[in-house]
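Below you'll find the structure, written out as structure tokens, and then a few comments.
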């Protein structure tokens, strides 16, 4: 099982802050997105936006990063702090 | 008549903070230096150092700047504030 | 060793206290630079009356630590202090504080600027503005992304 | 219009008060950058116990005004505050304070850095250090002169 978190505008668009799901580990970030979209077809436009960023275990990663069982994954829009 | 001021290490080396003298106005900064050295031959080495800076009426100028009667001229080492 | 202090908090911060921490028992530093970020009443052409700062709690401090660590490896710094607020803020409120101290001014200026540029691009904070026409998430600006290029160029020398 | 405050004084200054002046009635600025310069116990390889700051009284403020004016023409700034101390100072004492505020951080960082670089090269202050081996005038450093090049390059673009 892995935990997937959503933040900010993405969280509001999906109307969801957190899901848990089983993966065939290791799978990369893009495959995970595809799996999520398969389960939530109406999330496709929001989750596949070019600008959506991904973090695994609280570190930003790119689309080819491999996810293992037990990881914490997060998807969010470009950051706007400071 | 013009007033000529010296500051910091230059003032200490010349053992003088201020002189007044008559010039044939307008004369440039280098000519003024030469006139001062003629009157104070033992100042030559200190006043003709490459790094000595000049200000006329409280604004930094280069060696060719023209000095007029009544101006306030200053010579000093490179600045080290901040 | 650089002394680092990093905080993510709802409370306001006191710049005078932060400055005192940087000066305490510090006779080796000649330069302190600090940046303070405030809520502006106009942003990207919109009138703003306040904003809400959301963050990713378990990642935020880790991300700021990582940025501070990079700065400390790149410049000889005695102190790095970073404070970022979260939650509801009003116009003119303080949002973020970054301070660095070093023997010389070049290191202090560069490192403080570097930390702010990376914080803007990598730390997981998001601003939702209270605008006259309704609440809206702030859009990320391309200029914040291109601001990082100056540090990459320098790194390649 | 940039609000400018320039002071040359023997008294110490209070960074908290200066910061409060920058924030007062200021809802348009998102960024404040300040620099504070302190007396270091080691300088150019010498142990230092204090220093005396001489200046050219009638030129000092005029010179700082001129530098502030250049900064205000180059960046959109709401405030510029410059304080430089003169007279006898001890290790860890504050020497100089420069602060700028602007809508955005790039202008605030660049203008504060610009003012310090020009102050170091053009404002008529001279430091005489109290060293273990006797009092000595501080030598000007070439790196302070070359620090101006970055501003000239940018100006030509």
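Which chain is which? They are A, B, C and D, in the order written, and residues in each are numbered from 1.
Here is the rule we use: contacts are C-beta pairs under 8 Å (C-beta built on N, C-alpha and C of every residue); 3 or more make two chains touch, one makes a residue touch a chain.
Just so it is clear, the structure is predicted and the values come from calculations on it, not from any experiment.
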| item | value |
| --- | --- |
| Chain labels contacting subunit A and also subunit D | C |
| Where subunit B and subunit C overlap in contact partners, by chain label | D |
| CA centroid of subunit B to CA centroid of subunit D, Å | 26 |
| Geometric centre distance via CA averages, subunit D-subunit C, whole Å | 22 |
| Distance from subunit B to subunit A - Cα centre to Cα centre, in angstrom | 71 |
| Touching two or more other chains - residue numbers and ranges from subunit A | 82 |
| Subunit C: positions in contact with at least two other chains | 37, 105, 116 |
| Every chain pair meeting the contact rule | A-C, B-D, C-D |
| Subunit D-touching residues of subunit C, taken from the complex the two chains share | 15-16, 19, 23, 26-43, 91-92, 103, 105-106, 108-109, 112-113, 116, 147 |
| Partner subunit C, residues of subunit A touching it in the complex | 5, 7-9, 12, 51, 55, 58-60, 72, 74, 76-82 |
| Residues of subunit D touching subunit B in the complex | 37, 53-56, 58-59, 62-63, 66, 84, 95-96, 116, 119-128, 137-140 |
